[in-house]
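What follows is a set of structures to go through.
Two complexes, one shared chain (chain A), two partners (chain B, chain C).
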Partner chain A sequence: MYLLNFLVRRLFQGVIVLLIVTFAIFTLLRVVPGDPVRLIVGGMAPDEVVAQKAEELGLNDPIPVQFARYLGNILQGDLGNSFLRPKSGATVGAAAHDDPTRADRAEVLDLILERIPLTLQLAALAIVFALIISFPLGIAAGLNPGKWQDRLAFFAGSVFVSIPSFWLGVVLALLLSVQWGILPSIGYKGFEYTILPAFVLAIEMSPFIIRTLSVSIAQVMQEEFISVAPLRGLRRTRIVAAHAIRNASIPLLNLFGIQLGVLLGGVLVIELIFDYPGLGRLTINAVLQRDFPVIQGVAVFIAGLFVFINIAVDLAASFIDPRLEY
Partner chain B sequence: MAIDRRDFLKRSSMAAALAASGASLINAGFFASPAYAGSSKAINFLSAENLTGNWDPSSHTTLGQINFEGFVFGYLTRAPMRPENPDELVMELAESMELLDEHTLQFKLKKGVTFHNGEPFTAADVKATFEYASGPDRPAQWYPGRVTVDVIDDHTANVNTKAHGYPASLFWFLSAFLPIMSAKDVANPATLAERPNGTGAFKFVRQDGNTSVLEANPDFVLGAPKVPGVNFTFVGDATTRMLSLLSGEADIIERLEAEQVETIKSKEGFSLNKAVSVENKYLWFRCSKPPFNDYRLRRAVCHSIDRDIILEVLGVSGTPSNAWISPVKFGYVDTPNYPKYDPDMAQKFLADAGFPGGKGLPKLEYITSVGFYPKTKEYGEVITAMLQEQGFDIEFSAMEIAAWADRLYDRPGGGPGHMIDCGWATGSPEPDLVLRTHFHSSSKRICGIEDAELDAVLDKERNATDPAVRKKVIQEELMPMLAEKTPALSLFTSVFIHAYRDELKGMYIYPNGMMDAVNATNEA
Partner chain C sequence: MADRNIALHVNSLAVGLQTDTGVKIIDDISFELEAGRVLGVIGEAGSGKTVLARALVNGLSEPLVTRSGEVVFDGHDVLKLSDAELAGIRGNRIGYIGSNPAGALDPTVPVGDQIVEKLRSVRPDISKGSATQRVLDVLNAVRIPSPEVRFHEFPFQFSGGMMQRVMIVDALVTNPEILIADNITQALDVTVAAQIIRLIKELRDQFSTAILFISSSLPVVQTIADDVMVLQAGRIVETASPEVLISKPRHDYTKSILERLPRIWGKDITPPEANDAPTLMSVTDVERTYMVRKKGTFRGMNAVRAVRGMSIDIRQGENIGIVGESGCGKSTLTRLLAWLEEPDNGAITFEGRDLSKLSHRELTKMRQSFQLLLQDPYSSLPSRMSVGRIIAEPLLIHGTCPRGEIKGRVRDAMKEVGLDPDIENQLTVGLGAGDRQRINIARALVLEPKLMILDETLSALDQIEQSKLFELFDKLQKTHGFTYIFISHDMALVRKVCHRIAVMYLGRVVELADNKTLFERPLHPYSRALLSAVPTLDDHPFKTRDYLLEGEPPSPVHIPPGCSYRTRCPRALDKCKTIDPSARLLPGGGQVSCHLSDEE
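Then we have the complex of A and B:
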């Protein structure tokens, strides 16, 4: 009953958040400079053609009316069509207003669904790398507060958080791909092309995980149930693995929900640097080309993903510690 | 630390599972690439400019797509434009051509040529292509005017300009720049736009995101290519293109910046191809709207710009020139009255136009692109500073290539902004591919100028039947008039720089950036 109550409440909250986000993006895109109709009809089109197309698309209606129409379409699974990209999905530009294929634009949902698996693969590998980097450092620091392990974790975290990801990406690509030729990184021809971009993303995420983990474990290790555990005959490894880490993982889970935003933001930059054909590169190109339906579609999609994962995180946390109530 | 049997089994099974999951995901071929010594692999070319999404060659003027068409479409002739023999034409779909009279240029066509979809190539395809693409409504205004093609037989086509009032000799060099389409496709423009269908050395297979995948056409009229294909990929970022080449992902890249040239020079295993191109880079004025509908303000801008400094900023990517066409084009001349840097003249023209010291002028938007042409942002900032020094209030907008491309052309009421940076490169020595396209009121692609005097002199050079007379009109009448009216300022002539892996051999790069990969080999 609690679970059902929790899900209904959180889903309702999620829908409200999504509505606000969607409306904000929808409105902002209509007030920033850049005429979407001009993009659709092309640079050489006369003003009458622009006016006619704007009328056809309903862009002369008040923003709330346009938004209501957009929401109606989203509910039917229609995120609209790209202003610029053809069905093939290629990045294009500089066509003419009387171009017969202008009508044959790619569906935004198709563009997103084609690219999301690669981005999820990148994000998942980045999380795996981030955990591999952070767990040893964070746990060692938490178990040895004030000692060299703690200082090492602090130092590593400080260095990682100070390195700009675009710089690290270019340097690692130069070293590992160009200089030593041990790992490919530019473009995508197979899974191995995900490793380097994921590593760069992991470096960006790790400082927060290391810090949260070390502080959380240090706190848990001060708890009474940990102090008395040896008296119950438990070995230290078991105390740490089964009790300390488990209890320390709740703040980590919450952090993960927040870090998802950092991860998705990082993906945008990293995919562009590595020419990785995922959602990030699609978004950057859409922003540069003022391809509003794609920007809106990606934003709504990512907001939905963000809300869903945060609900899942809260649910998981309440399973780990039944005392928690959300 | 003691490990008991249970622990050992648990840890070893976990390690095995981890290794197995990783092994299934990682392509082992990357870590131990088999050496296909001597074999040729597909050429990975990274284009700095994107395609338009419409495969009809007459629908655009995008250089990236023109380069793409060079692989897929056939041309009656090709113009290698080598410095030692700039007028040379190599026959491709034509077997021969002959000027029968002032208005008739006859092409004898090769037999047994087929389009990629299997249709035979005949004179009907030449007729359909020329008559369709020369229409005044086609966005790519490469033709000197409407044209009629008389089909004499399946393999003889007479280009006839009599009804249109200009000499047929203009098609001599143009024959190297007009992609031949299938008559059946021309009859159905939607099909024409959906997929490219030519007679060229490579067939279009599919569009894979930003990559156009091409495979070798074994029936190509000049012989089957030696490489299995070409992957033509748009990568807008110059650093990413460079990293791709250096890491072996790309075989050839274009539009290198000066510092990238130095990097390539310092690396073993890579080569450079540098050539004075057919491309001039221009500062185009929006002549069809205020304030640049007044030639005095255009002149004021021209005299405010010190082109020597721009060339210093540009480094190896540019060379000086003093005309509105490249030195490798027919009719080039160092125009005697070419606008020079002269602040006093700039001030005089500003005052004459009613804006002494720039006072009273509105804010002027100067648009340029980043990522395609070298150093546009850098020299754009220099130009902005020079203009501000003379009293112009400039808003400098540097845009990503696709956003810039959508703002490029003139439109009724004037194109976006007031000045825009753009180059113009056409794979033929024919000067009208630049001059008429931009400065005749029937086309006026970017600047939007409509000027009866310019039209008259452009018609005069076009209609001259004797090449020597035509050259004289271009050099002694047209260029000086352009220097007076300055609908655009030609900043410099581009030096095209391509970088490629040493294993890529036999590739010919035309002065407009198009490539001939028929004889290329590309060892893995």
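Then we have the complex of A and C:
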């Protein structure tokens, strides 16, 4: 009952958020300078072809009308077709206006679904790496505030947060791929291509996790139920593993919900550096080419992901601590 | 000597600070704890009680460290055992209960699971199933209602008293030879504390455990201990049986403790007498209900009826006490009296004017006349503001005083409450609780109010500071003609200072009487129950075994129909189930709401 109530309430809120986000992106993309039709038909095309194409794509209608049409299509699972990408994959030439018919252009949903598994794989591996790096450092620091473990964690966090990810990516690629040939780094031909970019992302994320974890562990260790636990007969390992980490994981979960934005932003840059064919590279190319349907589709998709993961995070937190009822 | 069965032998134990070898928190502590007996330890805040309790089980944490001595249990010095050896003793053969039940367990895990976890941690041979059964059995033994349900509930779903029962289960589930009870009744209401003491007494006979009962209240220790040690500044200054200690104290410190104990009953007690005076504030049928979302439902709301039909007249120049257990609506009433919240129904009039009918400006002006003094002297003062500025604040807000005169007014107020006016430019950091409350009083005083509402204002202070502030309140009353409302759970305090006392139960006054009548001839069975729970050395007219209640008040969400007290009343009649007794006026100005008193 609680679960159903929670899901209904949060999903309803989520839909509202998504509507607002979609409308904002849709409007912004239409008021920025640059004529997408000219891009599609090519610079040399005569004006009547441009006008005809604009009419065909419905770009002459008022923005609310276009938006309503777009929403209607989304509800049917149609995020529109790319302006520029044909189904074959290659970007169409810029100059020619006798390019393939609209039906041959790739569907945005297909483009996203094709790339999302790779991005999710990258993000998931990055989180695993980040947790492997952060947990020992953060927990040791939280259990020994003011001692060398604390200083080590602080030092590591400061270094990690100061390293620009594009620099680290390039240096690691140079060392591990070019010099030593341990790991591949450019493009994607198999799982091993994910490791290096994921590691760079993990370094970018871990300072926040280390800090949150060490602060919240240190705080929980001050709680009375921890300090009386040995008197009640619990062993130290049990106290830390079953109670301190459990209580400290709630701020960590909340951080994770917020960090998701950082993670997705990081993915964009990292995918570009490593030429990793995920959602990030698709987005950047779409932005450079003013491929509106793709930008919109990706934005709506990411917003949906964001809302969904935050609901999951809150639900998980309320399972850990029943006092939190969202 | 040979037939005495010594459970724990402590030999010149001393605890100091890691950082400073010269400091001794407790020193030269030696005693023997005999099996099946209760050894009481009494001492004031800061005398080293909790340090002693923890040192006995080798449970000190930084920066505390044992300097010397031994604690012999079953032939071994507990202080020299390794962690692995300790694990078989701590929480298993020596149980420990602390003073703050609310913080004693992990808030995110059901209580039953945590006790099972503890039991299996110290007795790994017990299977999970039999551990669960054992926990349920002991939950039953301490009379926690429906233990199967409560086993799966979380700590925040328990009241303080129920949680302390859970902690007793936690300590006794292993059937320990020794139980260390560190101030276990401190955080509880008197009625609940009395229930817990009664329970511990029963359990001692059932489990034949040696108990070290540590408390800051001599009357509490006296009811349970076979012998009492007096702890002063980390040393034992006197040990005797409670009777001897009370009738023939030898050490000066013991004598001073006895002298400072508030007296409640006795021939030589002259309580303040009520006088007739015009009404200053009048509360008529006031109600306040809070709507809170029902857990686990979509749109369900619970109506928490915090105050329901409260009526009371406050006379000019009197001290009126309002007493009751936790959850009886005292805090809500405080907020209503101070007009921080408006009642849903009913009216509060001050000097004949209905507060709800005043305009915003009139209300602000009127507010100068009634001031609220809060309970916690630490959180009620802004920490980054100078003392003088804090006291000047109300004058600045109301703007009634010319700027140039503010400084003088502030200094006068500081002098009047006994603060050194030269600290006006200091911050409050480093000031003690008593001085902080003086700042609070000065802050109210500058507005020249007529009524002061004291919400547990003195409960955070020790006995000495309390009596000093009483004198101050008394002096201010004589010079300014103040009226005081004491909202409190401390019966000894209201006995000492209040002219009239109202007893609240579930958001309503069940009895209102002058001091003498209420304490000596109360009419409502709840008043008697409340009085029976008051710990005192005086000859108690209301014996705990005759009057003390079991359980706790019903939730203000589900108020029983008819007389709301009948579910706990030992003498409830049939008509109490259906007819809500109305307040009956008594000769002498008191009133009582009870069918029984109608018939007597």
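Note that the second predicted complex is superposed on the first by the 318 of 326 C-alpha atoms of A that agree within 3 Å, B and C clash if a C-alpha of one lies under 4 Å from a C-alpha of the other, contacts with A are read in each partner's own complex, and residues count from 1 in each chain.
The criterion applied here is as follows: a contact is a pair of C-beta atoms (placed from the backbone, for glycine too) under 8 Å apart; a residue touches a chain by one contact, two chains touch by 3 or more.
These numbers come from a predicted model, not from an experiment.
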Combined model on chain A where chain B meets chain C, clash or fit: fit
Which superposed partner A:Gly265 touches (first chain B, second chain C, both, neither): neither
Which of chain B and chain C A:Ile320 touches, first, second, both or neither: second
Chain A: partner with more touched residues, chain B or chain C: B
First (chain B), second (chain C), both or neither touched by A:Gly14: neither
Touching partner for A:Leu231 - first (chain B), second (chain C), both, neither: second
Closest Cα approach, chain C to chain B, once both complexes are overlaid on chain A (Å): 11
Touching residues (chain side chain C, partner chain A) in the complex: 54, 57, 59, 61, 83, 87, 90-92, 96, 98, 100, 103-109, 117-118, 121-122, 154, 156, 170-171, 174, 295-298
Chain A residues touching chain B - in the complex, by the definition given at the top: 38-39, 42-47, 84-86, 88-96, 98-102, 104, 170, 173-174, 177-178, 181, 184-187, 189-192, 272-275, 277, 285, 288-290
Residues on chain A engaged by chain C in the complex (per definition of touch): 1-2, 5, 8-9, 223-225, 227-228, 230-236, 238, 242-243, 246-247, 320-323, 325
Touch list for chain B against partner chain A, complex: 25-27, 30, 50-54, 59-62, 137, 139, 189-190, 193-194, 206-207, 209-210, 212, 233-237, 239-240, 243-244, 246-250, 399-403, 405-413, 415-416
